[in-house]
């Protein structure tokens, strides 16, 4: 029998992402961890949630893990294969209609205390040390939808000031979005890392540690965060049910496209 | 109705010009007109103003070969294979590429606005981000590039909502577009299956449009079910019958991506030398798409065929 | 996925409100949601701000019954049957209708812009015509109608082409939309066959969307071929199974127009009295769509079925 | 044998319209006479012309006469069933690309010497004596495409000043379009009536009589025109070939949906 109690922080991260989706919500997912998380959510926590992707594929139910948001695996048996511009319009109209249904997952290379995210470059934009892909759909998503940010928890990524804002978060605190022309009633809801889950203070809009994994600690989170972070409200999150781990390893990502099974397990 | 069928060599020679403002259809690793891109590489066409939608190895290879004068961009990666295209990254890090970042939403709407013939495009996008704070191409440099608008964007007031500032985006004027479709007829009528992405937009907006197709069908046949057609003959300059013309990317209802090939490109493109060698082997060393297909190999192509009922190359051989 | 199937009475009662900014799908005599319009008439709903695309007897009847507070219009005729809808004409000639004229291009783009979420819409349309010279609804009156923008349009400069003046149009904020489609599933996913017209636009742009459908199919069935679906479940509030829901207008792949019926309406609507009698007979005198169908008669409906291979009710019985 | 020499002015008008389409052009047609004319053109004078309609149906080849531009008869076996907005974009792009392919047919209730057309109302716009449908697609067409105007030749329709400009023509002469923001290199090319064909002077952009039918005369044209019109350049147009009349009556509009056969003929 395979061992499903030896869960990894990455698996814990996927499950924590999954719990961010409320039942009945429409989750904008990409590939990778958010898709794994959304798949877990759809099977366990939020069976009535629906998945959409920024390329315009609405109401997806991939059987095999897609590699990109334009993948045929997303297209097969989805609800509608919309061109991208209709997705953009849908996203904007959800805000215009004051609907609270959208929850989106975005990633990045750097994040600041207000959840502003950089996925464009390290260093000066014009002479970058490292260049990434650019915005993709993330900027539009961060404009109109509530987001869950997914990022590796490292000091060099959690920075007081990031090099470039690809996807706006709460800018510099309360009222920050409005003054720049962004919808004020949308923004990042949580940051899910390999160490825990961070949320934003309702008053200050600054990040605080809301939960950490059994295998991590508030201290470890602070050590890996490049700015002062409030850990006083943090709770230890319960470990995952082995059945959930089994589901991820055997059903959702059997090819280990995005989550590697621990070595002792895969060597078995 | 005129017959627009020609060879890939003829189509690229005639309808893609140095210095063109140009856009390709498809989405990162789906339905990219790669056969046409390889022919563009072979013919030495250059100085493009690229309005790159979600790009991958198509624009990465042209950037690596210094064919791009200005790169208008939102995303460049064979996503799921490389997390960023390597020539694109390298040229930017070395300061050797003139580039401008928009969000994907913005670029797709700009191409759509071009297809609608709008004079400019007001949006509530990019605000509060580096996309408005930073201009990849300064106004001064823009003025030296004839086919680029002088401004990346301009803030304007919403005349119907006093006090609201929105972002006005320029509407690109495409000289050329290249798309790959499932079926086309000699007069240029096209059937697109699966997500059309921005393919119809650029086909309407561009002055010259090259269509490569998996299957060439008669003008009569393609009109039998107009619920499937997406582009009228009037928009198309050339029709080229290019089976597997999107390889190594996907083509809905026809074939899946060739992941090994994309990976090989991803690895090779990490260094200038390996990148050059890869192109020598897969582009310049081959005279035509036919030679390319033979080199890829019939059995390999066969394995990419989509599994009926799935829409991708699913392995159902182990089903109970 | 939630089940949105309900009766026509329930759908109209719940999702169409007095005072709504509302738009109907279809085009003059094609795929107009007439069953829903008849139910709106029966339920006495009123005070609509109508964003009427190419309209016909749908809006003409509502205008005739004084249900329209402001009529935003580009064309109103059951074209090919009447050269102008008669209640529309009569109310305007008597000074009893508040109306605004746009060009069809402008109105269709305004609805499209709404679906794209644009803040406003700059176009190169209507210039040099009465459409800019005359305002059907003055700024003063507009200010008294809460859901109308204060301006019919505003001239703005094209920020990318100094000196060019273009027309900025307001983007409507639709409260409700009603469309008729060929197939829908309980969760609201829709298949539209033939020209979609502006149906998808208003389904995305409106806060509340009622879909009437010829055939109700399972959520699983409708996902079997997503190249046919056009509207995702998220956009739809109510799904109503209404066979012949577009009668007396056409429905692609299903039935042709009932020209005799349209002619009868055209004739009746010439006078207030005959119009009222017509509605008494065909709308108010019937409790439901089922009663309407029975009154029209099964054999008459059967004759409207499209001829396979033609797409309309062609008479092929005399073919050699 | 039916008599095909007893052609009517309406048939002559349809044939004159037909001759306005050059081979290879894309004709924007509605229903009625222009469609009859375009059908004649496609069969005889311009076999490579294509028909499109403002509802978005591209490259139509109706077998039975459609009653409206949204008719299933236009949809069946057309090239593409585009939504209307794509038609608008196509029309605008033809101008932006400097293509000269489009030729459009529009009708109206009133026309002035510069080809400005009214299809909205008779009398004051706000308190009209008679109200018509409104613009439909005509305004956009008159903005971006070269047009052929089709109208009944009556004094009350050919006016020095029309009550409302629905579709702009040459406005008030040379430079008139440009100064109002309209493309200056597009505009009305001809007016085809039941009495003849009128064109626009290259220098003044004012209407003149270019041709009249065998059954009419320059004098009759002037009598039925509410402003001074130059008839000095007018030529008598050749009568139609009986074969063309046969084609209209037997093949193109056998149901007499838009052109009535003369009474002695139909009573036969």
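The letters A, B, C and D name the chains in turn, as written, and every chain counts its residues from 1.
Please note the rule applied: contacts are C-beta pairs under 8 Å (C-beta built on N, C-alpha and C of every residue); 3 or more make two chains touch, one makes a residue touch a chain.
Just so it is clear, the model here is predicted, and its values are computed rather than measured.
A comparison of the A-B and A-C interfaces places the larger number of contacting C-beta pairs at A-B. Remark: chain C and chain D have CA centroids separated by 28 Å (rounded to whole angstrom).
As a whole-number value, the distance joining the C-alpha centres of chain A and chain D reads 59 Å. Separation between the centroids of chain A and chain C, computed from CA atoms only, is 41 Å.
Looking at chain D, residues 75-77, 81-82, 85, 88, 91-92 sit in touch with two or more other chains. Multi-chain contact residues, meaning those touching two or more other chains, occur in chain C at positions 109, 112, 116-117, 124, 164, 166, 194, 200, 227.
The chain pairs satisfying the stated touch condition come to A-B, A-C, B-C, B-D, C-D. Interface residues of chain C facing chain B in the complex, by the touch rule stated above, are 109, 112, 116-124, 149-151, 154, 156, 158-161, 164, 166, 168, 170-171, 193-194, 227-228. Chain contact summary for the complex, chain A toward chain C: residues 24, 26, 48, 50, 52, 58-59, 75-82, 85-86, 88-93, 95-97, 101, 144. Listing the residues of chain B that touch chain A in their complex gives 26-30, 54, 73-81, 83-85, 88-89, 92-93, 95, 101-106, 108-109, 112, 124-131, 133-134, 136, 164-166, 194-198, 200-201, 250, 252, 256-257, 259, 306, 310-312, 314. Residues 31, 54-57, 63-64, 66-73, 75-77, 81-85, 88, 91-92, 118, 120-121, 125-140, 142-143, 164-168, 171, 176-177, 180-182 of chain A are the ones that touch chain B when the two sit in their complex. For chain B in complex with chain D, the residues that touch the partner chain are 1-2, 114-117, 173, 189, 200, 204-205, 207, 223-224, 226-227, 229-235.
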